[in-house]
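This is the structure I want to talk about, given as structure tokens.
For reference, chains read A, B, C and D in written order, and residue numbers begin at 1 within each chain.
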Amino acid sequence: MDRINKMSEKKSGMEEKLWIKAGLTDSEYELLTSHMQREPNTVELALYAQMWSEHCGYTHTRPLFKHFLTTGPRIVQGPGENAGIVDIDDDEVLTFKLESHNHPSAIAPFQGAATGVGGIVRDILAMGAYPIASLNSLHFGHPGDAGHTRYLISEVVHGIGEYGNCLGVPTVGGELRFADAYKGNPLVNAMCVGYMKKSQIKKAIATGVGNSLMIVGNLTGRDGMGGASFASKDLDEENEEDRGAIQVGDPFMEKLLIEACLEVFEEDYVVGVQDMGAAGILSSSVETASKAGNGVEIDVSLVPKREEAMRPEEVMISESQERMLLIVKKGMEDKVNKIFHKWDLHAVVIGHVTDDGLYRVLEDGKTVGEVPVWSLMDAPTYILEGQEPAHLQQTRSFKNEDVAVPDDLNITLLTLLGAPDICSKEWVYRQYDHRVQMNTVVKPGSDAAIIRIKDRDKAVGMTMDSNGRYCYLNPRRGAQSIVAESARNQVVSGAEPIAITDGLNFGNPEHPEVYYQLEQSIIGLSEACRALDTPVIGGNASLYNQTPEFGAIFPTPIIGMVGLVKSLDHITTMEFKNAGDFILMIGETRDELGASEYLDQIHGLVTGDVPELDLELESKTQKFILEIIRAGLVNSAHDIGDGGMAVALAESCIAGELGAEVSFDLDLRSDSLLFGESQTRFMLSASFESAEKIIDLASEQGLEAATIGRINTGNQLIINNLDNILIDVNIADCSEAFKTGFDKMMKTDA
Amino acid sequence: MNWGVLLFPGSNCAEDCFHVIDKVLGKPVTYLWHKDTDLGDVDAIIIPGGFSYGDHLRPGAIAHLSPAMTAVKDFADRGGLVIGICNGFQILTEARMLPGSLLQNKGIKFLCQDQTLKLDNTDTPFTSEYDPGDVVVFPIAHNEGNYYAKPKTIAEMEQNGQILFRYCNADGEVSDATNPNGSINNIAGIINRAGNVVGMMPHPERSSDAVLGLSDGKGVFVSMLKHLEAKHGSDQ
Amino acid sequence: MLKAIVTVMLKKGIFDPQGRAVQNGLESIGFEGIGSVRVGKQIELTLETKDRAEADSSVHEMCDKMLSNPVVESYSFEIVEA
Amino acid sequence: MLKAIVTVMLKKGIFDPQGRAVQNGLESIGFEGIGSVRVGKQIELTLETKDRAEADSSVHEMCDKMLSNPVVESYSFEIVEA
């Protein structure tokens, strides 16, 4: 080795500890020197620093993943590949995953969000699949009080739109939520779903000694230097110098990459594929080699670059976008290159699979770094001791009596309909091409997006959900509720939930309270996934989401769920369809105001406990909803979520442009009845005969169900309880509040 | 009757157009490649939507210079039917096969929505299935759909019946309030003087497969088909 | 090596929505006294030739063919030493 | 009246996909000897003030706050008589 920069030669003062600068601890440094049985040079140190970061090595989250259910009859591939795979019958499969791009989006929101989309699409492509839809989950501070937040929202939405639109992958859904906890550290999580035949599945594996590693796509530059370790630190001033690490997305290149890769995959040239995400060439090649138990060698001088004088470690960890690694059968390199050439792209051999289990970096044929592959994959993990956050004692002691019922409940309803978390997100999704590919049967604006599979009588439901406030007030039950809510969105749309991908967005796990939130949320997610039979097939962790000024974000697990609609006839939407239809409510309403949108928006309180959730009842009720939908008994279906029953009812009226009158006989506070968020509830409409059948079926199964009123052609939404009129509002006013809420919010001046 | 769908790097509605001709119309259709100078034996050419060359510089700025576009011009000069949809429209204006240009939407944002359109001239090979004044729904999805031409050009086009579709509301009213992108005279689709080259921002193909809840757009392709069939009948 | 700096702007009289949006944006954060804003493109090309006349005519041709759309845009450029 | 001509370009070292696409496009129609292409924005603002120093400082502020994103872009401007 010619290029030895012995660390020890400079190992004197603190500022000389290069491993600290690289993001490794003293004990990690000791561990890696024992793995190597010598001290690393600069190249080797960079390899460990990247691979052992939270982002690549999942150092804090890996030990917690054991809780997850990851198998099931429809699960073809669980966590461990670029994305999980589920079976949707007929030898067809879907692959999907979500990924965060929080820190890049905080700094360069347009590019950060755009490259987030690009990254997750390549994960799907690397599975051999054609990307058929994407979704996104966005969290920001409240825009009302900050021009900067409005700028972030505009730029993030623009970035997601521009990238996805150019690719021709429809952006069909997602969510957009607000809380001050995200002010300094917004969350941008993107999800992509791909489709393929079972026989087309590809793996990220470097088998076959002598096979070639080919890099395809964009040239390599110094972009995103150290992005993986950057994502594994708090966002603060000290990281200022990392902020040069901005990648620029090139969706046009990505589109060509998709076309060319899928064309190559049709032939028998490629044994393995891996996208280049965090830590670029390094992590993609280490992972593929490790899976095969092989070694690899890569010559950095062969990598096509667009910047001069790049150091070997810079080439290895560059996060230039729109690149993929193909493991190509020996002798097939020219054929691969020919297909890429057709699309005006190159495919270049940068190294080979070896049999010695070593990760060898060369420069102009000379070795400049050499470490065991296994040791790079063997990032140390940390099991920490969590501590219940101090605020929970106080928030759990909240009693409904602590707040007064508002005088004018009509105004309360209108306020909620226009509230940031509830109001129409059309401002967002009209910037996304949600119809390209001509499969979008249910477009954004309903509970789940529904994408048909061409030439088949079946479709796919897609959702993304989270609730930071719930998880802040009760991480475990909050996390359960998210899975339940996502599954509700699926079943009301006619889809049977199949599996989830999870995005773990948390603060710095080294803080015991944050670690508690992380651990409890994972336990909650796992419990709900087991109860609802939706295994976790992949996910992403984004920790260290906090700033000195605003502290840690709300604990925000985000889930992306996919469901199967077994016949196009089952597709159901939330809008009321026919005047005269009966309105039914399934599920029990209790005196639960804690953690609600209502407390937050109307009383300015983020407090109380998350509503009770009986997972067994949830599962039973969801199966029932799906059963009656499949039986053709239901004309519209909507889950009752943020803002409670009154909001759900108003949404169905607004979307259907119809009026409704409903009456209850419940001994409950008016605000609990109208706006409480008791779980496991649904709002349906059906013809008279069907409504009767639904009630009968429900009582047979011991489920709470009631016909509460009827749809009419009038312009009013009227809600009575015990002969009192609680709500009597004009649908047009509801609609106005719901549809202009977002615009108003984006125009408010500080 | 052979249909051709022209593929550029970055086209992303080519499969959609192909699907409609193949599955909805049940007619033979092939892809044409931007580098080809010989387009083979086709009777109608669709230039699909998307982001050819990433829309870099201006939408259509790079694509219109490709070898295939020279062949498309020849094809049109010989009377062949050409329809450019969305990015295809932008390419046709860049190639000067249609007058005017498509500027950025007045709201400077990408706009994807189901759009109501009013039929103007229905006496063309592309619109014969409709009646004048019909109101139809085709989705739009574009960032540069704001049609502009010099006032004199617009006046001539209006006089010659070159406007095929205008943005309107559900009642067929055409006004500034029903104009999503700032197009002059709410223009959504136009035809050349010779009557065989059309450009339109709305996507008729996305409104052709009833499963998706929209089917008004099928008429555009059926009109073209009937025209071709009549022509072939008389050729024989 | 020479460098061509090409500026492409929308022709006068054609409404520039982006310019308007920038103006509104600037005003909304408190800037006053802005008459109008136009947004165009600046394209910088390095050219391998050393011959200014040749560069000049080839950049003209690039502008006419691809870099600008004469229906709605006008262009100008200068050539400097790279 | 004064006019500020602001140029905003991606910083050196930051990948410019648009520039690359334009370069490839120009090459594909036969232009040779193009070293590199970068595409940026030119923003022209007319300002009501007559005070150059004032204009100068306010345009600087506009660039920092809205016209450019200092993380990825650099800007320059000149002020001329309108």
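Following the convention adopted for this analysis, contacts are C-beta pairs under 8 Å (C-beta built on N, C-alpha and C of every residue); 3 or more make two chains touch, one makes a residue touch a chain.
None of the values given here were measured: they were computed from a predicted structure.
Q: Looking at C-alpha means, what's the farthest chain from chain A?
A: Max centre-to-centre separation from chain A belongs to C.
Q: In terms of C-beta pairs in contact, which of B-D and A-B ranks higher?
A: Answer by contact count: A-B.
Q: So, what's the distance in Å between the C-alpha centres of chain D and chain C?
A: Using C-alpha averages as centres, the distance is 9 Å.
Q: Suppose each chain is reduced to the average of its Cα coordinates; what separation in Å results between chain A and chain B?
A: The separation of the two C-alpha centroids amounts to 37 Å.
Q: Which whole number of Å gives the spacing of the CA centres of chain B and chain C?
A: One centre to the other, that is 30 Å.
Q: Indicate the residues of chain C shared as contacts by at least two other chains.
A: Residues 29, 41, 65-67 of chain C touch two or more partner chains.
Q: Among the residues of chain B, pick out those that touch two or more other chains and give their numbers.
A: Touching at least two other chains: 53-54, 56-57, 61-62, 65.
Q: Hunt down the residues of chain A that sit against at least two other chains at once, touch-wise.
A: In chain A, residues 250, 252-253, 344 touch at least two other chains, as defined above.
Q: List the residues on chain B that touch chain D in their complex, please.
A: 53-54, 56-57, 61-62, 65-66
Q: Please name which positions on chain C make contact with chain B in the complex.
A: Touching chain B: residues 10, 14-15, 17-18, 21, 41, 65-67, 69, 71-72 of chain C.
Q: So in the complex, which bits of chain D are touching chain C?
A: By the definition above, chain D touches chain C via 1, 7, 9, 19, 22-23, 25-26, 29, 31, 33-49, 58, 61-62, 65-67, 82.
Q: Sort out for me which residues of chain B touch chain C in the complex.
A: Listed in rising order, the residues of chain B that touch chain C are 57-58, 61-62, 65, 93-94, 100-101, 103-108, 146, 148-149, 182.
Q: Within their complex, state which residues of chain A touch chain D.
A: Chain A residues touching chain D: 107-108, 110-111, 218-219, 221-223, 243, 246-250, 252-253, 306-307, 320-321, 344.
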